[in-house]
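Several structures are given next for inspection.
Consider the two complexes below, in which chain A is the common component and chain B and chain C are the respective partners.
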Partner chain A sequence: MKEIRLKPKAIPGIGMEAENISPDMFAEKSLKEIRALDVFVGNKKKKLGEYFTVGGEASEKPEDLRIVIRGDASKVKRIGERMSAGEVIIEGDAGMHLGSRMSGGEIRVSGSVGSWAGMEMSGGRITIEGDAGNFFGAAYRGRGCGMTEGEIEIKGNAGHNLGGNMGAGRITVGGDSGEFAGVGMKGGVLIISGNAGLRVGAGMIDGIIIVEGGIKEMLPSFKERGRVDGVKGLSGAFIGYEGDLAECGRGRLYVRD
Partner chain B sequence: MKHRNVVCCVCGAVCDDIEVGLVGGEIKVKNACALGRARFQELTNEDRIKEPLVGGVHVDWDQALDKAAKILKNAEHPLIFIGSVTSTETMRQGIRIAEYLGGVVDSHPTLCEGPMIMGIQEAGMPSSTLGEVRNRADLVVFWGANPLQSHLRHLSRYSLFPEGRFRKGGRRDRKLVVVDPRKTKTAEIADLHVQVDPNKDYELMSAVMAILKGNDVGGDVAGVGRETIYELADLMKNCEFGAVFIGLGLASSLGKYRNLERLMKLVRDLNRFTRFVIIPNLGHGNVSGFIQAMTSASGYPFGVDYSRGYPRYNPGEYTTVDLLRRGEVDAMLIVAADLVAHMPRDVVRFMKGIPIVSVNVSQCPTALFSDVVLPGVVAGMESSGTIYRLDNVPLPLKKFVEPPFSFTESDEDTLRQLFDRLRC
Partner chain C sequence: MQYIMMKNVVLRNGIVYDPLNNVNGERKDLFIHEGRLVEKMDERKAKVIDLKGKVVMPSGVDIHSHFAGGKVNMGRLLRPEDSMGHEVSKTGLLRSGSGFSLPTTHLTGYLYARMGYTLANEPAVPPMKSRHTHEEFNETPMLDKSGLLLLGNNHQVIEYVAEEDQESLNSWISYMLNATKTYGVKAVNPGGVFAWGWNKYINSLDDEVPCYNVTPKEIISGLIQGCATLRLPHPLHIHLNNLGNPGNYETTLESMRMGPMHITHAQFSSYGGDSWKDFCSEAEKVAKEVNRRAEITVDMGQVVFGETTTITADAPFEYHLSQLTGMKWSNADVENESGGGVTPYTYRKSSGVNAVQWAIGLELALHVKDPWRVYLTTDHPNAAPFIYYPRIIAWLMDKRYRDKVLGECHRWALERTTLPSLDRELSLEEIVVMTRAGPAKRLDLRASLSIGDEANLAVYDISPEETEGEKIEEAFSSAAYTIKNGDIVVKDGRVVREINGRTFWVKTRTEKDIKEDILERFRYYTIEPENYIVESAYIRNGVELDTK
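And then the complex of A and B:
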C-alpha cells in the first residue's frame, strides 16, 4: 500500500472545504498534481498545496492508497467525502462532514471529529478514537434515510441525533450518547456502551438499539416486552422494549438489566 | 393629520387596523397594543441616526457607501444578517448581495423560529390562515405560547374571542387549551391548562400520539396526570375544527425542532379524526417575509451559504450564531437588527474583531460596534413595502411620513445603492 502524507500549515480561521482529500481523487496523481487540487476557503478557490505540505507517493488505484494527515484538521471540512476505497488516517482532530456519503474504504481519526460525519454512508468503516459531534451517520435535512451500510465506531462520547433515520449498518459508541440517539431509525444496529441521553429511539420504526449503561428516562411510547438473555453477541441480561408506538414502530430497544 | 389602516410590524400578528395621528410633533396611536404604540413612537426617537458614520465620524453618504462596499468586497466569507422589522423587498436586496458576494445570508428565524421551520421540513405542516381559525375553530390550543404577552391582539382579533362565520358565539363557541409549564396570563383564562413539566413536551406529545393509535400509556407522563392526558386527547379528537398555535416554549426548550416535528406529526394523526391545523406563532414582525423571500430565491428558508456559488443550507453550520462562534466569518452586514445586544458573549467578543457595516434606525450596541453605520428608514412609516403575517398572508406596508434625510428612500433603496457600488 502506498502512502500520501499531508501536514496542515496555517489553516485559515474561517476554515476550508477539502472534499478533494480522498483516495479516489489522489490516485494516479503526482505530488505536483495533488498540490494543485482545489480547496475552498470562503468564496475563494485555492490550491491544496497552499495549506498542506504534501509528501509520499500515490498509487494507481484508490484501494492501494493510504492518506495520512498529521496535525490539527478540525477546521478542514469534508475530508473523505464520497470516497469509495483506500484509507484516510487522521492523527489529530477532523472537521465537519468527515466521510459523508462514503461508499467504501476506511477512515481512522485519533482525535475527535466535528458534526455530520458519516452522513448517509453506504459502505466502509469510520473509527473515531475521541469524541464525535452531532448527526453521526444520520441523514441530511430533507432526506429520509441516513446510513444504509457500513460500520462506525466511536470510542469516546457521541453527540445528539446519532444514527438519525439510519436504514442499516452498525454504530458502536464506547462512551455516552447525546439526545435522540437512533431517532427515526428504520433498521441497523446501534450499541451504546455508556449512558444514552434523553429520547433514545424516538420515532424509530425498526432496527435495534442496545444501551449497556443506563437510560435516564424512557419515552412513554415504548412498551416493556420482558427480559432477554444476550443480544447481538452481547452476553448478560437485558430488558427489551418495543417502540416507538407513537409512530406504530416495531423497533427494539434493549437496556442492560 | 390622521392615517387609517396602518399596518404594524412589531410582532407576527401584523395588525392592519391601526390609526396614527400626527399632531404637532406628537404621535397619537389608536387600536394598537402596548408594543405597537411604543413602536410608532420610534418616529420621534431622540437617538435617531440621521447621518452616516465611518469609524464613529460623520461622513457624507457616498463616502460611507464606498467604505461599506470596500469592506464587503474584501471579505472571503461575509455574513449578511437582515432583521425582521423591515420590508420583504429589503430582504430580497440583502439576499442578492449575499449571492453576489458569495457570502452567507441569515435572519431572525436563526435565533427564534428556525426550529419551527426545521420541524416543518421533517414532518410537513397541515396549516391554514388565521381567518379560517376565526371562522371555524371550536378548539384552540396554545402549546408553549403565551399570546396575551407576546401577540397581544391574537386572541381578540383571530383565535379566541371574535365572532366567526360558523362560530357566532365567539368565545362561548370555543374551547381554549394551554400547554405550558407556567401559569401564564393565557393559561389563566384557559378551559384546560395542561401544566407539563419543563422540557417534557416531547414526552407528553408522544403519549398523546400513542393514545391516538390505541395504546395505553400507563400512569402519569411529564408531570401530567393520566386523566388529563386522556382528556386532552379526547378534546383534540372530538372537536370540529382544531387549531394548535406553537410558540417559542417549544422551539427553545430541550429537543428544539424535534418538539415541533413531533407536534406536527401529532396534528397529522389528528386529521384521521377531524380537521386540525397547526400555525407557528412567529414572533418578530416580518419573519415570515424572510422565509418567503429566502425560499423563493434559493429553496431554503434561512441560514443560506452562497460561498460555492450555489445555495447550501445546513442549520448549525451556516447559521449566524454557529458561524460566529467558530469564527468562520470575516465581515458582516447587519440590516435592521441589533444583533450585538442579543448574541452570546463569546460571539459578541468575536464580532468586535471583524469589520461590520450596519443599517440602523437609532443608536444601539450594534451601531457602536460598526465600522460603517448607514442611517435606517423606519419600514411601514417612512417607507412602503410588503410584510407577511405569521400565517404567510402578505400585507402592504404604507409610508405616511418622509424620512428625515434625502440620500435614501428606504432600507431597500440603501441596499440597492450598496449593491450598485459592489458591482462597479
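And then the complex of A and C:
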C-alpha cells in the first residue's frame, strides 16, 4: 500500500472545502498534480498545495492508497467525500462532512470530528477515537434516507441526530449520544454504550436501537414489550420497547435493565 | 456605440421557420436593427453570422410554468435536498444558483435561455402573493414574464356569483388584476379549494360549494364572462375540477362545453376508469372534443420519469397525493383567496399509473389535429422540470424514440392507452407552432419574425430533415444562438450575456364602482387595501397592456 502524507500549514479560520482529498482523486496523480487540485476557501478557488505540504507517493488505484493527514484538520471540510476505496487516516481532528456519501474504504480519525460525517454513506467504515458532531450517518436535510450500508464507530460522545433516517448499517457509540438519536430510523443498528439524550428513536419505523446507559425520558409513543436476555451480541438483561407508534413504526428500542 | 452594435445583427443563410407568416423552412437572411427585424440594413454596421445548415425560429414561449412566487418558494423551503448536487457556481458573468425541479430565480432564467426560450407565463399567482411573485420576476433574468391571477376560489368572486351579480364580478376581477399587475385569470379547482376548507369535496361541476350555495359551473361561467367583458388578452386559464382522479375525463368534456378557455395540463384531466385499479387513458376522447371546439386550447402537462416536486394551488389534491405517497407535505391557506400545497413525487416507469400518465401527454399532443391549439408543457415542475422540453420534442418527432421508452414502461402504457398505435410524427413546423407561435398567439403576444417585430429568436444546430430523436433532443437542449430584443444572449448553449426581461400586465376598466364592497371585503383581510396594491414602480421593466 502506498502512502500520501499531508500536513496542514495555515488553515484559514473560515475553513475550507476539500472534497478532493480522497484516494479516488489522488490515485494516479503525481505530487505536483495533487498540489494543484482545487480547494475552496470561502468562495475563492485555491490550490491544495497552498495549505498543505504534500509528500509520499500515490498508487495507481485508490484501493492501494492511504492518505495520512498529520495535524489539525478541524477546519478542513469534506475530506473523503464520495470515496469508494483506500484509507484516510487523520492524526488530529477533522472538519465537517468527513466521508459523507462515501461508498467504500476506511477513514480513521484519532481526534474529534465535526458534523455531518458519514452523511448518507453507502459503504465502508469510519472510526472516530474522539467525539463526533451532529448528524453522523444521517440524511441530508430534507432527504428521506441516511446511511444505507457500512459501519461507524465513535469511541467518544456523539452529537444530536445521530443516524437520522438511517436505512441500514451499524453505528456504535462508546460514550453518550445527544438528542434525537436514531430519529426517523428505517433500519440498521444503533448501539449507544453511554446515556441517550432526549427523544431517542423519535419517528423510527424500523431498525434497532440499544442503549446501555440510561434514557432521560422515554417517548410516550413507545410501547414496552418486556424483558429480553441479550441483544445483538450484547449479554445481560434489556427492556424492549416497540415504536414509534406515532408513525406506526415497528422499530425496537432496548434499554439496559 | 458598442451596445447599439450588439443589437444590429445579420443572420445569413438560416433555414427559417415562422408559422405566423407561413414561412416553413425557407432559406432566408434576417436583419436585426436596434433590436427589431427590418427589411434591409447596412451590414458594415452589424455583426454578421453565417447560419448555414442551422434552423431559425421565434424564441420559445412557455404558457404554463410555475417558476416564481409563493408556492415555488414554499417548495424550495420544503425541499433543500432538491438543490443538492445541482449547484451552479457563479462566473465572471453569471450569478450562482441551485435546484433541479425548483431552480433559483437566476438559474431559471439561464436554463430557459439555453433552450432558446425567452417568455414564461407563471400561471398561479394568489392575489396576496403577487408582490412576492413580482419580486421573483424582477430577479429572473433572460425572460419576459406574465402572471395569471388565481380567482377560482376567491371569496368575493364566489359571493358575487352567488348573488348573480355579474357586473360587480367584472369590476372585482378588474380591480384585482389592476391591483396585482397580472395578465389574466386562472381558476384552480374552482370552488373545490374553498370547499376543502370546510372539509367538503367537489367532484363534479354540479356539486355544491358550502356556505354560498353555488356550483363550480356557475363560478366558471362567471369568470368566462368576466374575461370576455374585460377583453382580456388570454381567456380563462383553468385547472379543472376533479383533477388527478380516475374517470375525470367526463368533467373535462363537460367543462369544455362552457365556453372559450385554455385547459391547462390536460394530461391530469384525461383519466378513465373508476379507480386506480382500472385506471386508463381517455386522451383520445378529450382530444376529439378539443378538435371539435375551436374556442378550446390545451397544454400537455407531459410527464417525464424521475423525481420532481408537485406544487399547485389545488390544496386538496396535494393533500391526497401526500397521503398516497407518505411523503412530506406543506399546505397554505391564502386568506380570502386561495390555497396551495407542495409535496415531492417520483414518476416511475415501473408504476402502471405513471406509465399511463406518461403516455397520455403524448397522446393528447398527437391526437389533437391542430398544433395551434395544443402546447408543449410539463406543468413545470408538477409533471417534470422544464429542462426536459427538448426530450419531449424528440418524443413527438420520432416514434422510434418514444417507443423505446414505451418498451421500458409498465405494460399498462401498452394496454390502456392508444400511444402504441399512434404513428404520427410531428414535423419541425408543428413543433415551432406548439412551442412558440401557438402559445404566444393564445396569450395575444407575438412570436413571429415579421418585419418590425422585436427580434426574439432562437437558432438550433439541426437539419430540418433530422428524424433521429437523440439528435433532436441534443439540438433543442442547447441553442446555437438565443437572441432577445436583438441581444445575443446565448451562444452554443452558453449564456453569454445577462439581460432583464419585461413583465406584462393588463390595464382594465369597468363601469360599475364597487368601492364599498372592496372596503367591506378588506375587513376580513389582515392587510389594508392601500398596502395590497402592487405599484407599477415596483416592477422592473413593466409593460402595461391597455385593453381599452
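Heads up, the rule we're going with is that the second predicted complex is superposed on the first by the 257 of 257 C-alpha atoms of A that agree within 3 Å, B and C clash if a C-alpha of one lies under 4 Å from a C-alpha of the other, contacts with A are read in each partner's own complex, and residues count from 1 in each chain.
Operating definition for what follows: contacts are C-beta pairs under 8 Å (C-beta built on N, C-alpha and C of every residue); 3 or more make two chains touch, one makes a residue touch a chain.
Note that the coordinates shown come from a computational prediction; the quantities given were computed from them, not determined experimentally.
Peer 1: Following superposition onto chain A, is the placement of chain B relative to chain C best described as a clash or a fit?
Peer 2: clash
Peer 1: In the three-chain superposition, say which chain, chain B or chain C, touches more residues of chain A.
Peer 2: Larger number of chain A residues touched: B.
Peer 1: Just chain B (first), just chain C (second), both, or neither: which does A:V41 touch?
Peer 2: First partner only, chain B.
Peer 1: Give one of first, second, both or neither to describe whether A:R143 is in contact with chain B, with chain C, with both, or with none.
Peer 2: Touch status of A:R143: second partner only.
Peer 1: Answer with first, second, both or neither: which of chain B and chain C does A:W116 touch in the superposed model?
Peer 2: After superposing on A, A:W116 lies in contact with chain B but is clear of chain C.
Peer 1: In the superposed arrangement, which partner chain does A:G49 touch: chain B (first), chain C (second), both, or neither?
Peer 2: Neither: A:G49 stays clear of chain B and chain C.
Peer 1: Of the partners chain B and chain C, which touch A:K223 in the superposed model: first, second, both, neither?
Peer 2: first
Peer 1: Can you list the residues of chain A that meet both chain B and chain C?
Peer 2: Overlap of chain B and chain C footprints on chain A: residues 43, 140-142.
Peer 1: Touching residues of chain B toward chain A in the complex: what are they?
Peer 2: Touching chain A: residues 75-77, 101-103, 118, 121-122, 202-203, 205-207, 209-210, 213, 215, 217-218, 221-222, 254-255, 258, 262, 265, 306-308, 313-317, 326-330 of chain B.
Peer 1: Sort out for me which residues of chain A touch chain B in the complex.
Peer 2: Residue positions touching the partner: 12-15, 17, 40-44, 96, 115-116, 134, 140-142, 179-180, 183, 198-199, 202-203, 217, 219-221, 223, 244-248.
Peer 1: Which residues of chain A touch chain C once you look at their complex with the stated criterion?
Peer 2: Counting only chain A, the residues touching chain C are 43, 140-144.
Peer 1: Contact residues on chain C for chain A in the complex?
Peer 2: Residues 78-82, 84, 90, 327-328 of chain C touch chain A in their complex.
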